[in-house]
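These are the structures, in structure tokens.
What follows is a pair of complexes built around chain A, which joins chain B in one and chain C in the other.
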Partner chain A sequence: MQYKILSKDSLAGFVEALSKEYTVYAPKRDKKVPNKMVWKVLEADETPTFEFVNTEMSPKDFVFPQSECMMRFKAEGKEAMVLKPVEMDTERRVLLNVRPCDAKGLSFMDMIFCQDEQTNDVYWRDKRERTVMIGLACNNPCPSCFCLEANCGPHHEAGLDILMVDLGVNLLVKPLTERGKSIAASLPDAEAGEPERAAIIKRHAEDAMKKTFSTERVEQRSLMELYNLPYWERVCETCINCGTCTFVCPTCHCFDIQDEMPANGDTGRRVRNWDYCMAPLFTLHTSGHNPRGKKVARVRQRFMHKYKYIPMKRGGEVGCVGCGRCVRLCPVNIDIRDVINAMNAPDATAEGREV
Partner chain B sequence: MMPARTEAIRAAARRLLEAGRVDAVIGYTQGTIPLRAQPFIAYTPEECDKLIWSSFCGGNLASIASGRTDRVAVVAQGCVSRNLNGLVHEKRIKRENLYIIGVPCLGMLDQRKVEAKLMGRNIETLKSDPEEDLGGIVITGCNSTRECFVEFIKRRDVKRDNCYTCMHRNPVGADEVVAEPVSETAGGDIDAVAAPWARFDADRRWDEFTKNFEDCIRCHACRDVCPLCYCTTCFVDESNPQWCGKTQDPADVQTFHILRAFHCAGRCTDCGACETACPQGIKMRRLTSMLEKDVRAKWGHEPGMDCDTKPPLSTYRPDDPEDHFK
Partner chain C sequence: MLNPYLPYPVRISDVRVETEDKTLRTFEFEFLHEKDAKAFAYHPGQFAELSIPGVGESPIGIASSPTEGNKLLFTVFRAGSVTSKLHGMKVGDVMGVRGPMGNWYPLDQNEGKNLVIIAGGYAVTTLRSTMVWLQDPKNRSRFGEIDFIYGARTPGMLLYRDEMEAWQNKGGVRCHVTVDREFPDWNGLTGFVPAVVERLAPKPDNAIALVCGPPVMIKFTQPVLDKCGWKSDQIFLSLENRMKCGIGICGRCNVGHQYVCKDGPVFSKAELDELPVEY
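Now for the complex of A and B:
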């Protein structure tokens, strides 16, 4: 793989060239809330910032929008209730400076949305194919980051077309796919020594991350042993059952599909919205029965799903990339690392009260 | 040295559990990352050693006490004690099952404001968190090449918005208090928060409201952290009939916030938990401040000052002067 070099001074030209074919999005500082990073279109005269940890929201909604109209239908007449697909959005876009954890998140969700011929979500796949991912390696992981433990890393490459490493004045550009190669083709080749500098930066970043949890016993333990831990009662008692952890998560992907009919009987729409396992309505059956009727069952679901059910189904892959958003943004500071440690602890049963 | 409030809270909690006066003490423990405190329930005297008090106890523990049927003590600053009174009045908890460990409050800090002062640098430790109102906190951190920093930030520069205009910093109706009373108000003008709304015409109000809530992701953390929101099924979750759409369309987002605010009008203690909980940093108080100002102006009511007074908007009198009630 041929490394390229891009000086930050010539970034404007690079973005301008991209803008001819793509809408370029990058993390920008929010105007309303201090220190909040949001994904926004990079305007012609703007250069992206490199001084940030990560965006508040993961970029998953570029591919899996929080609300997405899938089909429309007429309520009355000859064609009543005939579902017609909506015209797909055609924007081709570049996500510039996407963090490796978020890119891994999207490649993880490829496994969910596009499993095989039968499970091949056109809404996901279409937008994913139209989205170029140019990553920015993480040189200063923050204390809530744990990507290394989640089979990811600050310089991870999965899901990216290009990985860039900030060397100070320059960015080292590593094309990873054919699309990435063609985008980087016009850039000058990196000089000898520059990839080595990037490797040292990577090592520093990894060394700076403290190992915060282990999963050996979670893997060995049976599903039912983990399911029945009294510890769940302890985690759930301060959880407020909001959806924050799932909404900010780059790998949470549950949704709800609803048909909406306007009051005037005009055209209706079939829309899919993010849903979340913490909500009582999420598993409510039409019969009135709710298999996860208690809060403790809902809280357990989130952690078991990410660290037990998904690894069992997906060859050991966990449903988490360690971005730390749920740690930082949980209103009551429930820390997934503590929960996994408790699932892994030999005396985990002693931690909780009897349910 | 252990902060005085922390020490006194632990002592009170331990005494109550040892004496069998309560079954559990609802308080805070150290958060897992700097600038956070974690709600924590102590069931044994030993667990009381985990309780803390810091400048980041910005949730509202009354919501955790709400609906419990065992005997609980709750660590409560002024606003939270008023919510507990409200919950007793609304029969969410029995007064005889409740013990309020009151904390005279010097105002909580807003982690976003602290983070903004450090612009992109990683915060590793909160080294000092003094209890003086005009003191400061000391933050340290390093990057991956061990370039480190130490920053002193004045508490008064990074307080949560609602703590600048607090009207009741001392707990109301506490069974005991763990520190000397502090000055009753924080000195800010509570009416000033709503003042701009009174000046705006209807179009401008709608415009400002729309902008304020445009980033809402409908995680409902504001609702779930609020002790006033305890309906078994919230109107936004009701599916038969469905009152409110599930989408991100402005109409659905706005319906949620307007209806929630009106459900809380005249009951809100301006505790600020909704703003602290919001992952998007939305200023919820821009909506609630006007409603609460109207309640103060029209009925002279301040929510939660005792367990008996009915919130004005849930009161009906046959001699109500409004014609549409007759």
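Now for the complex of A and C:
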């Protein structure tokens, strides 16, 4: 592995070079809410921020937009509507300073959206291929982060083309893919000792993260044993089914498909929109039968899906990267770490970790 | 690049009203492009998304058999916006079909066995596909005796009555058709499907059962089969859940870790015993 070095002083030139081929996006401080980080285009004369916790929304919507046109219709003849495949957006983009947890989130979703020939989501794949991921390792994880427990980490590399580690004045650049190597090719090689400094920073970041839960027993317990835990009633009492956790989650990928047809119009479109498993209508049949008609069933679905159903289906991979957004933004303070601890507790009625 | 969300354009070539209350109609489609017909290679038990641009999509079981040539049939109950719009469409109208989707009844893996096929209400559609497939001489010789047990609320709500008489007249097929209670013009069986199954007490020796019906029928048929000595790995049930993508992504049809649209709709009872009853 050939490490490169990028001084923060020469960053503007690096971004300018990237801008010739790509639209460069980076986390920026929201002008109205100072602590809120949002993904925005990095203008030519702008320097990206290196001191931030993480963006409020994960960058999944660059690849899986909240609302996306899948196809258009046009009336031809009497009433017949003819399908017109939608023209794909062609923007080639770089996500600069993407956190490893968010990159792992996209990498995880590759597995969901492009499983095989039948499940080959062209909308996802097209945008994914056009998006270069330049990561910024997390040196100061915040208290709500738990990426290590979620099989990720503050310096994780999955889903990235390049991982950068902030060494202070310089950034250590680690190209991870052929595309990453090509982008970093013009940068000077790192000097001896710099990769070692990055390794120490990584160790400090990992050590700073207090282990908050274990999934050992969740893996061993049968699906039905976990499903029948009385604990779900307790979580359900608090949850208001608002869906905030699912919208901010880098790995939640449920969606709805709807046709939009303006009144008296002769053209329409089919769109897919983010949806969430805790919405009461999510599983409602046309007949009125609802397999998850009760709130407790819907609350259970989210946690079971992330930490039991997905690992069973996808070779042990959990459907969570430990970014902590759901912990920070839940309006009723449900902490997924407590929930997983309760699923893990030897006593099925246990109420989670002690604080 | 294949886009699994783009439906194949089809033209309605025939419409038949199936039931006295006109809530069920069978639509025959022909593909606008020959290459699409070839790409749509399916098995009995699979389903497809019927797609009406501007209205939406609805997952419907395929009622025809691949042994019927290019005939593509769907028997559709008028329920929501898509199916209501479809019921208003006429021969010659163009719409879309996306699929085929999901798995199918494991017939190839059970050659030489007797079959007990149990259907309730309009869930009989995919079992029509199976029955027609079994009538094909190439397939018929590969299986033993066939008991076809089918129930509807009233005689007027029975689907495919003429066809069933033809099946019955062929060797080795016994059709047991029932309606919920006695009717003046009905000389056949009466009573709910689980009760008829109990009376017939089909033998589980060297046999498999294929069950498709409303949740309540499935719920009460399972204990009857248990009582008759059937094991969980001999019973195959077809589930329905709300679906959108149909290819195992959107998460709407999850039952435990399984996706009804991709891992199902057909599951063995042994598989369902390990899953929450969220269907």
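Heads up, the rule we're going with is that the second predicted complex is superposed on the first by the 345 of 355 C-alpha atoms of A that agree within 3 Å, B and C clash if a C-alpha of one lies under 4 Å from a C-alpha of the other, contacts with A are read in each partner's own complex, and residues count from 1 in each chain.
One rule holds for everything that comes next: contacts are C-beta pairs under 8 Å (C-beta built on N, C-alpha and C of every residue); 3 or more make two chains touch, one makes a residue touch a chain.
Quick caveat, the model's predicted, so the values are computed rather than measured.
K.L.:
Using the superposition on chain A, decide if chain B and chain C clash or fit.
P.N.:
Superposition check on chain A shows chain B and chain C fit without a clash.
K.L.:
Look at A:258 in the shared chain and tell me whether it touches chain B only, chain C only, both, or neither; answer first, second, both or neither.
P.N.:
both
K.L.:
Once chain A of both complexes is superposed, is A:283 in touch with chain B (first), chain C (second), both, or neither?
P.N.:
The answer is second: A:283 touches chain C but not chain B.
K.L.:
Please state, to the nearest 10 degrees, the angle that the Cα centres of chain B and chain C subtend at the Cα centre of chain A after superposition.
P.N.:
So the angle at the centre of chain A is 100 degrees.
K.L.:
With both complexes superposed on chain A, which partner does A:112 reach: first (chain B), second (chain C), both or neither?
P.N.:
It touches chain C, and chain B stays clear.
K.L.:
Pick one for A:120: touches chain B only (first), chain C only (second), both, or neither.
P.N.:
second
K.L.:
By the touch definition at the top of the document, which applies to A:268: first (chain B), second (chain C), both, or neither?
P.N.:
second
K.L.:
Is A:34 contacted by the first partner chain B, the second partner chain C, both or neither?
P.N.:
first
K.L.:
Taking the superposed arrangement, what is the smallest distance in Å from a C-alpha atom of chain B to one of chain C?
P.N.:
It is 8 Å, taken between the nearest C-alpha atoms.
K.L.:
Of all the chain A residues, which ones make contact with chain B and with chain C?
P.N.:
256, 258, 284
K.L.:
In their shared complex, at which residues does chain C touch chain A?
P.N.:
1-7, 9, 52-58, 79-80, 83, 93-96, 215, 240-242, 244-245, 247-258, 262, 274-279
K.L.:
In the complex, go through chain A and note every residue touching chain C.
P.N.:
Interface residues on the chain A side: 70-71, 73, 77, 79-83, 85, 112-113, 115, 117-123, 125, 222-224, 227, 253-259, 261, 268, 270, 272, 275, 277, 282-287, 289, 291-292, 297, 301, 304-305, 308-310, 312-313.
K.L.:
Please name which positions on chain B make contact with chain A in the complex.
P.N.:
31-34, 36-41, 43, 59, 63-64, 112-113, 115-116, 119-120, 122-124, 142-145, 215, 217-221, 223-225, 233, 237, 239, 245-249, 273, 276-277, 279-281
K.L.:
Write out the stretch or stretches of chain A touching chain B in their complex.
P.N.:
Against chain B, chain A makes touches at 30, 32-36, 38, 51-53, 56-57, 66-67, 139-144, 201, 204-205, 207-208, 237-238, 240-244, 246-248, 256, 258, 260, 271, 273, 276, 279-281, 284, 327-329, 331-335, 337-338, 353.
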